[in-house]
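A quick write-up on the structure given underneath.
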């Protein structure tokens, strides 16, 4: 099976410092894949490189076999590679329904349509509403995004990405800052996503990672330390050292 | 599985005309009968309102600050003026020519304002407009330089209504064009394209992550804004039958920014109401006190910023919410 | 000019006789920049107009004069001036449009004067072509070629062979440059260099250096009155151009009484040609200056207030002649050929062009009683605008 | 050579009148377009002290700076303070309002005419070296500018006050927690900015003139210097100002027909190449 997402020797240098170093990663379709590593290991940098938010200093990114290294962010989104952000990037003054409709419209290629009002694009609105229903956000559909509690805003962060109908969804610490009970609910939602969506996840909470992920890659100092199924990773001495070491430092 | 629970009408009908809007557009008709002798001022209010609308499209919706928007206004003004001078005096043709000219310039310069902070954008737009100003000043043979472009001979509107001393034709013509352009802008901001511009303004970092080509959208918005400004400039030329170099001056750009912020950015009516209030205040203050009226205008601005930060539209919104909650 | 005086007296008597019938107030709309960069100009013209009414009474041919001042700041925006003029005509029903400080405002309003058939008195704007833009325009200030040509002639006659020209880069500057070159070259002079400087120009150093490097006999300068002139003169002194044997010749705008003090001593010795000087020696001017200083102790009378004063004088005299009738055609007919003795000296309105004909003086900046003054020492009588010949 | 010297002097003048803005905009992140109004206040103070009271020039200039600084303190305490958290656009609007008021006030009290100023004898004239003519006042400006730039740079990066200021701007809450009197730091900085404006205004009269239109006339130049230099960066402002001065003067000397174009073209090009300004690491802050 061709990997849906693959990198070859991906590197990013800031001056003399390697934020990503020779990362070669391969992710199968339908995978539930977690990226872990201590702070500053280059997890977010990797996602930035994959999605085109950063340009790599060397190496390539392949999406479904196609070289997308030189493509702009939005072009990768069009090809099914979608991400969320560690710190919410939302449309504060739009209602929740508007925000999601915006994302749906972009996917449907309506972004240039300027004559008919948004309200007349019923298919887009219906789809947005449906998505909100799935994510149990219907009750706040007409609220302004900024008026919502943080946990729900975090859901919208994901909703915006899902509205783009990702084939590969990169989640950057989706539960960061969310209270425990809400984060469980959030992960349930993620877990229920259909199998044709490949999920790559960055998460600090090891409980959640081990419950959810089927494969785990460990990053240290920008480089890939190891990659395997959770059971093996859990026993890996080097991984424990990395985490232990960090714990000692902290 | 359409969720039956959710009432979608707030979004479905977001673009519907509200009663207050109908009432608003009766104002220009009422003004015609109430102030039949001030039509010259009223026409210029309509023109400035259109100009302000053009800035609102790029600042209020796409979030690009500009201190050089008069460049496009001026290009439109000169385009229409030169066309009329060399025999193409039909007003609507002039508007089209001005729009094309300004849009072309907007398109070319839009690439300069894609990057950078607000301050950088302010200065780049300012620089571009100052260069155009200097160019117009230098090309005396073509533009008339500081003396202004004369011999602007405008034919009757639609071949029927010629521009008269009382400014009736000029008034109806300006208001009609303003209305049509406003109506188009209103469609535009309520469309998915408009929604995407709001998205860019509210969170430019998210837009590419939902698949929107941000730069292309900004280029488009800037070009449209420039075209609007060009049309406003052309209207000024046609209703005054003269182009002065001042149409490109820095003060015009700065004043426009002021008007827009006063009215409230990001709402089309803010641009219109801001213009009405500013121009009326300017007019009355300078009539009462021709030498020192600026002091009162300045004081008013300071008070507005201190006590009504979202502009007039913000104030109106606050008032209407208060009225609703109390009743 | 005895003839003028008798004529004026006769007209005066006639006007007085007729004045009884017209009782409606005479509304004059003054379109002037009262704020912004040209506020000083507007103020001076308004002073001139008001001073005339103060000295001669505010009733003209039986009609009480009512002034309506409109601020067309910045003064260069034709659209604003036109709108205000339109309002004056349509809303305020003025009989006469007056003022017009800068060329674009005059150009923009000209078609309106034609359409409304209202007399339009230009009290300052100096581009030659203005009076050709409407048959209802009369000018009481000056034209640029008119005040430029005499200095060129004078220079050529007085041992100045090589001149470098420095003018502000806008319409009037181009006019001044063109006229100076034309007259000076025709008189056998040589232009060693010319440069046009931006209107808003904080530093003249590079231009002055260029002048110094080409070593002309004199530099001809035209910049709008105000900080540009100050900057030029101060730089001229600092750079020691005078010691290098270079003279400054200019039109009088540079040495306008209002800015003369701000330039200070560097202005001493500069030769200019102009139509009005506070130091003009005539009984009319002495009385005028005394009255001006009394009414506006903070300011000094200059050519702009003279333009306003004479503009109002013209209006008053014409109305006396027409018996209070200010309608466009009658007014203009009566204004043509009008002659009077202004504070600046004898003036008249050219019947052919409706432009002013006046004596242009050659003056030198000298200290008179501790005050810098343009002292006249030569003159060209009854000089018509060469721009229209 | 003379051209380069003149360019440097012109640039130094640009620096002197804009460095105050660089302080308020860059260090405090406040878009104070009314900067020119403070400069004008300094200018009028200096001109009046010179002409009406006969105060020597070298005393009148610091007095002008002090007056402007005092006005800065008063306005900061009463008005500016309320707008630190406001958007840049609000700040622009507010300071334009102040400009209008300042223009009218100056117009009312001093009239629309240019203010005369006479320099003391020792600052007049020129020193002629072979191949180089040095204007004494220009030399004086360059000297003052260099001293000022060095002093400011030292103050911001090497003194306790500079450290407090940087902390207060970066994170007012944390700074407060550290026991820094943030309000006082801001007031002082604002006073510094307006004092510098007053100083620039006073020194600039000789070359720029002084009338009520001053705050608007040169606003474009202030902004150019600050934007190109990278706001808040003393060294950047200095270099940018000098560079613009030299380009401008040289452009006018060698290519007079291009005229005012040069300064704008240089600015646009530089901003496109370096959108954050010459030294704009913190410009976006």
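Should a chain be cited, it is by its letter among A, B, C and D, assigned in written order, with residues numbered from 1 in that chain.
One rule holds for everything that comes next: a residue touches a chain if its C-beta (ideal position, glycine included) is under 8 Å from a C-beta of that chain, and two chains touch if they have at least 3 such contacts.
What you are looking at is a predicted structure, and each value in this text was computed from that prediction instead of being measured.
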Chain closest to the middle, measuring from C-alpha centroids that were averaged per chain: B
Computed distance of Cα centres, chain C from chain B, in Å: 38
Averaged-CA centre spacing for the pair chain C and chain A, given as whole angstrom: 74
Between chain D and chain C, distance of the C-alpha-averaged centres to the nearest whole Å: 37
Touching two or more other chains - residues of chain A: none
Of all residues in chain B, the ones touching two or more other chains: 134, 138, 251, 291-294
Set of chain C residues in contact with two or more other chains: 35, 39, 43, 169, 198
Listing of all chain pairs that touch each other, if any do: A-B, B-C, B-D, C-D
Complex contacts: residues of chain C adjacent to chain B: 34-35, 39, 43, 69-71, 74, 76-80, 82-83, 86-87, 89-91, 103-104, 107-108, 111-112, 115-116, 127, 133, 169-172, 174, 198-199
Residues of chain B touching chain C in the complex: 37-41, 43-44, 134, 137-138, 140, 144-148, 150, 165-167, 236, 240-247, 249, 251, 286-287, 290-294
Touching residues (chain side chain D, partner chain B) in the complex: 25, 31, 79, 82-83, 86, 88-90, 92-94, 96-105, 107-108, 216, 220, 223-224, 226-228, 231, 259-261, 264-265, 267-268, 271-272, 275-277, 283-284
List of chain A residues in touch with chain B within their complex: 51-53, 72-74, 77-78, 82-85, 89-95, 97-98, 101-103, 105-107, 110-122, 124-126, 129-130, 132-133, 138, 141-142, 160-161, 163-164
In the complex, chain B residues that touch chain A: 1-3, 5-6, 8, 10-16, 187-188, 190-196, 198-199, 202-203, 205-214, 217, 220
